[in-house]
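This is the structure I have questions about; it appears just below.
The letters A, B, C and D name the chains in turn, as written, and every chain counts its residues from 1.
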Amino acid sequence: MPVNSQSKVMTAREAVARFVAPGCVLGMGGQNVGRIPMALTHEILRQGIGGLTILGCNLSIAMDLLVGAGLVRRTESGTGNLERFGTTFQWRRAIEAGVLQHRDYSHLAMVSRFLAGEMGLPFMPTKSLLGSDILNKHPDGGDGYVLMDNPWGEHEPVALLPAACPDVAIIHAQRADELGNVIIEGFAAHDVEMVRASRAAIVSCEEVVSSEETRRRPELTAIPYLYVSAVVEQPFGGHPTSVYRAYDFDSDHLTHYQACAREGGQMYQKYLERYVLGCDGFDDYLERIGGVKRLHALRQAMQGMM
Amino acid sequence: MPVNSQSKVMTAREAVARFVAPGCVLGMGGQNVGRIPMALTHEILRQGIGGLTILGCNLSIAMDLLVGAGLVRRTESGTGNLERFGTTFQWRRAIEAGVLQHRDYSHLAMVSRFLAGEMGLPFMPTKSLLGSDILNKHPDGGDGYVLMDNPWGEHEPVALLPAACPDVAIIHAQRADELGNVIIEGFAAHDVEMVRASRAAIVSCEEVVSSEETRRRPELTAIPYLYVSAVVEQPFGGHPTSVYRAYDFDSDHLTHYQACAREGGQMYQKYLERYVLGCDGFDDYLERIGGVKRLHALRQAMQGMM
Amino acid sequence: MTVDAPISTDYTANELMVIEASRHINDGDMVLAGTGMPLIAITLAQKSHAPHLCAVVETGIIDPELLPSPVSVSDPRIQYRAVKLGSLRDALACVLQRGMIDIGMIGGAQIDQFANVNSTVIGDYAAPRVRFPGSGGANDVASHSRRLLIITRHEKRRFPERVDYITSPGYIDGPDGRRKAGLPTPQQDITIVTDLCVMEIDKGVGRLKVAALMPGVTLDRVLDNTLFKPLVAERLAQVEPPSEEYIRILREEVDPQRVYFRGAGEG
Amino acid sequence: MTVDAPISTDYTANELMVIEASRHINDGDMVLAGTGMPLIAITLAQKSHAPHLCAVVETGIIDPELLPSPVSVSDPRIQYRAVKLGSLRDALACVLQRGMIDIGMIGGAQIDQFANVNSTVIGDYAAPRVRFPGSGGANDVASHSRRLLIITRHEKRRFPERVDYITSPGYIDGPDGRRKAGLPTPQQDITIVTDLCVMEIDKGVGRLKVAALMPGVTLDRVLDNTLFKPLVAERLAQVEPPSEEYIRILREEVDPQRVYFRGAGEG
């Protein structure tokens, strides 16, 4: 089947319906308040796809929404938080309540696991984690790592970590072409390794460009189309997080989300209803959070930093 | 010592004298007829720095010159050749004569070893090499790899390869800035992993640009200055190999070199004298191979492919 | 730039904590700092005595010019004029694990007498009383940095005998703890800067020692606010109060929107 | 594009060898090809029946449009209009070792009855009579491709009972050879295309079987030029002669400068 002449551009609804299955292992891109795949996450929420295992380095507001909506069984990551805006409160509460399994790693450990996955390797060594309870207090009966001695050293332990290969990865980027070649601006976090390690990947982007453009400057391609299953054009698809050179994060909305997530209960349900479940797609959400005026201000804030 | 305000631009003579020591492990960038660090290699030849161990994925004409001049003790690589132009004949002869140690790996194996080095890891796993004599007929008594079973699999052998960390790497790129940030156009081969794995690195380039330019588009930086010891500006510094978007390889000169290398003896010594040892720097060499007219033709040949 | 005298008399304990942390950064250091006070401390250092520090941010940012009040390692404010915008692997594997970071800076919810840091859970790991965000890059920074600096508010509950969970290893259980665990930096320098004092690891015993007190703070106050019993330096120094210039830089150039120092300088 | 009849009567054995090899590439295949005839075969395939093949070149080139007469995997002629120009790791680790290559194509100095390939030495490895370039990416291609295609001139010395050195493993020593070695593709399809015939691996015994003969070539001639005794298919096919159109494409669009086919079509 020709792969380099087929457009993979589709709606978020279609992409999520086709590639995100109940009970699947979902890899999430971006970090904290940067390039989080919000539009795709909202679509998963609206389609109510549950029983998910979520993998990432930092897991942030997108993961918290899925946990808060009861769609997540397990997470594996280095952190769950929005940094200055606080912990991911729904996640924290679910762990404290014992209703969510979580496996701790460090950020380097997680990207190492994706690195193994993208290279077709069963594991990746690391010299992090040694001496820590991330190794010692392991909830999975020890299948999360193996210690070995460096065969070329003298009592030099190395931790082997199992490859992480999500069933489907979701990321948000600045640009992608119709074939699925992806351009990332600003920090890339773990997105490239994770997408290439995954069995399928959905990329939402601010703008779909022509593959003619990609072929004119192929050094800019962060991820070639070989790994990408669907391309979704959604301007502001990372809101309320930031997309470098496009728009700043929305501090007010993040603060509001965190207040609802911390409070929980009715207030959180109202957030979900108003901003996600009751929305007719992500553009409707963008209207509800303040529409053109708000988005324009976020663009201007980013321009001021260029 | 401030690293981000110091210019590392210097002559090839100075860079090689400072960073390439007799008996050192030298990593070489580029592949076959593409982006081979010829200007830096000529300088090593003129300075007569010997006892070298050379590492690379493919080792090509630059390595062959150093072997032919008797400066190399050992090589470790996936290949020694110039592909359609033939084997690296001086290298082949030296191995057949038993005067050069060589350790075989595959190209993936070599880049995996550099990958371990750049990540601060003692080794890297691979699923290549299994069942081959690259493992079984090992000349070093078995210290070149270790086989283990994947702890998460069932009788699934994995080969661990030791990290490769050259004392100094030499590469040729299109552009670098005065701090040592490097931009590579066209294929990157193993250059990024190798430079980051090395204790020092000399980068020659077609053009030194300003770090202001680097900071305007930091996604283009292939190697940040942290890993680079010296920057040498040398247009056509990859001749007779090709530098993408700048010039094509010089088929006539490569053919001539191969004829001399195959013939050996007097003829090879004459090549060395005429094109390297007797030259007053690389610009003098460029005059001798045909000067402006020849170089212009190579530029035009590349333009014709753009 | 001279940022010395005259001495300020109008500063908060939090401000001096960050200023003191920034003093541990030498010009030209390669630094990896986590979110919060660490990020603020390196921003201050870059704008004062260490203009040539090279910041490496875990998300993949190499040597940016730090803009005011960054709230996250993913904030666009710390991507400005970087020499490379790359990946988490570029930063955490190819710089940090590669052994190139001179000084790493992190925070933490609990720190114990061996300088072990907990940012994961309070209580039993399997059934936690309080769940924190987790390691992030902190375990990596603590494992691989040549020097480690930890910034935290000095509250009793933050300084237990033993952390509930070692997220980021200090000396683990004594002077040979790091070596026994196989950590690549077995003799790491570790410094804790709080709003009350500065503690340093005593490598001979692998435990924290109070090295200096903040101006106006007594040793008793430190001990009263520390659940473990730290060693105390024979000659207990006093942390230098900040110059007016440092305070100005901190308030006007580092955190002009008062994201970190609410109310500071407004009284 | 229809590149069928009429049949050419003016072609060389080398030309048909490359054309036959190209026929093994399906449109849309992800292909990794080494220098020489493999590169020529995929260039031909892209310009004829497989315009949507995705070429991955080991130096880091993804999906280029192949320009005429490339002489190397580093040739600028195979970087044109790629969707990504990346690294050797991108190609050999993240595509090939990741298991994404449908068909890998290599050459080789020796091929034995188990389809093991030698491109390293003739004679004793420690004291070789002839030293060849070595594996390059060939070992990787043979280890990880779903299907493997080997193109080589059919000369007696190239087909020994046992290769002097296994650079790229075929079935090693029998039907379970690849599985025992732990190769990720234990049941790989292997095809050898020469100027005399096409051989295929018989997975039941892990040995090569003559499957088809080039036009005008007898089985005896194949056997006379093969040091090992290959299996022979019950129904021995004949390789289809090329159409005039394929010959035209090969000569005019793939190798117009006669880098590979000196003298072809000039008689």
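The rule we apply is simple: a residue touches a chain if its C-beta (ideal position, glycine included) is under 8 Å from a C-beta of that chain, and two chains touch if they have at least 3 such contacts.
Just so it is clear, the model here is predicted, and its values are computed rather than measured.
S.K.: Check every other chain and keep only those touching both subunit B and subunit C; list them.
M.R.: A
S.K.: Taking each chain's centre as the mean position of its Cα atoms, how many Å separate subunit A from subunit B?
M.R.: Each chain's C-alpha centroid was found; their separation is 38 Å.
S.K.: Hey, how far is the Cα centre of subunit A from the one of subunit D, in Å?
M.R.: Roughly 41 Å, centre to centre.
S.K.: Return the distance between the CA-based centres of subunit C and subunit D, expressed in whole Å.
M.R.: For subunit C versus subunit D, the centre distance works out to 58 Å.
S.K.: So, what's the distance in Å between the C-alpha centres of subunit D and subunit B?
M.R.: Chain centroid spacing, subunit B to subunit D, equals 28 Å.
S.K.: Among the residues of subunit D, pick out those that touch two or more other chains and give their numbers.
M.R.: Those would be 79, 85-86, 89, 93, 97, 144, 184.
S.K.: Which positions in subunit A are in touch with at least two other chains?
M.R.: 120-121, 126-127, 156, 158, 185-186, 219
S.K.: Which chains touch which?
M.R.: A-B, A-C, A-D, B-C, B-D
S.K.: Which residues, counting only subunit B, touch subunit C once they are in their complex?
M.R.: 1-5, 118-121, 179, 181, 196, 211, 214-215, 218-219, 221, 224-226
S.K.: Given the complex with subunit B, which residues does subunit D contribute to the contact?
M.R.: 35-36, 57-61, 67, 71-77, 79-80, 85-89, 92-93, 96-97, 120, 125-140, 143-144, 165-169, 172, 177-178, 180-184, 259
S.K.: How about subunit A: which of its residues touch subunit C in the complex?
M.R.: Touch list, subunit A to subunit C: 30-35, 57-58, 77-85, 87-88, 91-92, 95-96, 98, 104-109, 111-112, 115, 126-134, 136-137, 139, 155-158, 185-193, 241-242, 244, 248-249, 251, 302, 305.
S.K.: If we count contacts the way the header does, which residues on subunit B are in touch with subunit A in the complex?
M.R.: 116, 120-127, 143, 146, 148, 150-153, 156, 158, 160, 162, 184-186, 219-220
S.K.: For subunit D, which residues count as touching subunit A in their complex?
M.R.: So the residues of subunit D touching subunit A come out as 27-28, 30, 51-52, 54, 62-63, 79, 81-86, 89, 93-95, 97-100, 144, 184.
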